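Structure first, then comments.
Residue numbering begins at 1 within each chain, and the chains themselves are lettered A, B, C and D in the order written.
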C-alpha cells in the first residue's frame, strides 16, 4: 500500500465529514472503509452508531476478513462490514463507501421493479473508472434490502459477478454502495453516482408531465 | 448525569449551529434542551428570540419543572419550554430538540387529516433507538398547533401516552419534536426523521403522477 | 445608536457571507444596509458589483438621504439605494436587506397577478415582529419590477403606506425586501420570509395534483 | 495583466472550492482557467482528474495555445482545454469556467430540441456584463455533446460567432461554460446563469400544471 494507516484513517474521516455535510450520512447512517493490508486482509472500518460529521481518525476500527476487530478497540464494527469485505474481494477494491441520500433512497424504490437503473448519455459518466465517453450505458443494480448480512453479502457477490462492469449498486430503500482502487477514486464514484441519481430524480418530476 | 453542565451547554450550542446551517432553525425558530439534573428537575434550555446559528453556551438558561428560570439570567425561556418539560417527564428523555424545516412543515399539513404519518420500510428507521429492522413501521403523530402552551402540553402528554413507541411528533404547520436519552441520540433522531420526511415529500412529487 | 459603526459594518459583512452561502446573494446580486445616524440620515450601504460572499467591512459605503456617498470612498453605491432610504423613512427601519433567492424569484412571478401573497397559518409567522400567533395572515405585496429607481421608490412608498402591517415585499422576478429595527431583526425577517416562500413553493408542487 | 500568476492560481483554487461546495464540480468534473499572458498565449488550467474541492494552487498547469503544458509539471491538462482556448480567443476572455450542475444538466437536455434557452425578464440578468435591464433577453445556446474535442471546439467557435451577445453556452447533458474579462466576472456569470437555470427548472415543475 502506498499510504500509511494514519493517512488512510484521516482520509476516511475527511470524506465522512464532507459527505455528512452534503446530507448523505446523517443520523449515524452509512459507513466507510479502506484496505490497510491485503495479506492477510485488514480493513479500516467506520464503527457502528457514530455521528459521521464528527468521526475522528482514532475511532476507525481494524477488521479482518471475517469482520472481527483486530487489536484492542472499544468500538463495534458496522453491521454491514461483511458487505464491504465482499466488495473488496470481488472487485479488488481499495476503498468502499456507502451513503444514504434522499435521492438514492427514492430511486432505489421507484426503479426496484426494473432491478436496476440504466444511466446513459451523461458526460458525468466519464468520471467512472474506465469509462471513455458519455455514450456509455451504466447499469446500477438494485438489490432488495435485508437484515440477514451473510445472505445479503451472498446476493451482492452474485450481483457483482453478473454485472462485472458495474461501479456501484443500490440497496432498496436503503442506500448506495460504490468503491474504487483507492479512497479518492471511491469518493469520486460516489459523488458522480449521487449526482446522476439526483439528476434523474429531478428530471422525473418534469418528464412525467410531457415535456 | 455523566456530562458536566459545561459539556451539555456547549453540546447544545454545537447542535444549534449545525441545524441552523441545514435550514432547520432559521429566523430564531426552534429550540433545544437537555436535562442537567433530575431531582429536582433542572433543564438547560435555549432562550427565546436568539439566532440559533450564533447561540453561545452562556446564553442557555436553566429552568425548573415549571419553566421558571433558575438563578440569575437576563434571557427569557422559549414559550415552548412546557412542551420540553412534558416530553422529559413522559419519556424520561435526556434531551429534546425541536426543528422547523421546510419538509416537516409541509408534511405536517399534507397528512394532518390522517392524524399522523406512517413511515415504513426504510433502512434509516434502524437509527431510531430500539428499532432493529427496516420493516419497522413508525407512526409519527401530528398534533394541531396552538398558542395555549399548557393546553398543548396536555395534548402532547396524551399523544405520547397513546403512542408509547413514537420517537417524535409533528405540530401542524409548525415543526418536529424528537428526543433521546442524551443529546447525541436526540440529534440522531432529528436527522433521521428529517431525512425520512424529505424522502417522503419528494417521493410525493413523483408518485402522484403514476410512476 | 447603540452600536458603533465598526459593529454595524462587520455585522453587515457577516450577514452577507451567511446569505451568500445560502444562495440568496449570488452573482453580486442583492444588497444590505443599516442606519448609522438618524439626523442627518447616514446609512452604511453595500457597494455595487461586489461578491457578497467576500464583502469586507471596509467596502461598505456611507450614504446620505439622497444616496450620495459621504466622505471619500472609491466604491459606487447600489442602484437600489433609493429603495433602502425610502424603507428606512417609511418604516423607521434600522436595517434593510434585499435577497435574490430562487424561491422568491419564482413566487414573485407565479402570484404577480394577485398583487401579493397571503401567508397564513404557519408558526414561523410568529417570528415576524409584533406577530403573536400562527393564525396571523401576512400579506406580502408584489411590486412590478422597474429600472427607474426614483419611480420605483415612489411605488414602494405607496405600497408601504397601503400595507402598514407588511414586514416585506417582493419585486416581480427580482427579489425580496425586508427590514427591522436593527440588523438582527432584519436578518430574522428575511430568514422567515424566505422559509415561508420556499414552503409555499414546494407545496405548490404537491398541491396542484390533488393531495 | 494586473494580477500576478500567484494571485491568479490562488483565485482559481478558491473558486473551485466554492463551486465544489455548491455541488457544481463534484466527482472531479468541470474545469477552470485564466489567462496569464496574451502574447504568446499562456493559460493557467485545472488539471484532469483532480478533486476540485481540494484543488491546490500548485496543481494548476500552464498551457499554451495548443493546449500543451508549458514547463515541467506532472499533471495532465483537462481534455477540454481546447474549448477554453477557443473561448479565450473568440471572446477575448480573461477567465473561463465550466460547471456540471444538476440543473444545467437537466435543462441542457429538456431544451435541446430548441437549440438553446431564452432567458428573459429576470433582474438577475443585469449582473451579466453589459446588460442594463431585466427586459434583456439572453439566448443561452445548447451544443450537442461530443468527445471529439477539436471538432467540438470548432462547433463552439461557430456558435459564439453566430451569437455574439451570448454570455455562456450549454453542452447537452454535460454542463455550462461561461467566461469574463477576469476571474471575478467569470465567477459572477456562472453564479447568475446557474441561478437562472435553477429558477427556470423549478418553475417548470409548477408551470406544467397550469398555475
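The criterion applied here is as follows: contacts are C-beta pairs under 8 Å (C-beta built on N, C-alpha and C of every residue); 3 or more make two chains touch, one makes a residue touch a chain.
Only a predicted model underlies this, so the values are computations on that prediction, with no experimental measurement involved.
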Identify the chains adjacent to both chain A and chain D in the sense defined at the top. none
More than half overlap in residue numbers between the two sides of the chain C-chain D interface, or less? Answer same or different. different
Taking each chain's centre as the mean position of its Cα atoms, how many Å separate chain B from chain C? 30
Just curious, how far off is chain C from chain A if you go by their C-alpha centres, in Å? 43
Can you list every residue of chain D that touches 2 or more other chains, as numbers and ranges? 205, 209
Going by the contact rule at the top, pick out the chain D residues touching chain C in the complex. 18, 22, 121-124, 127, 132-134, 184, 187-189, 191-192, 194-195, 198-199, 202-203, 205-206, 209-211
Interface residues, chain D side, partner chain A - complex: 23, 26-29, 51, 53, 100, 102-103, 105-106, 109-110, 145, 147, 171, 173-175, 201, 204-205, 208-209
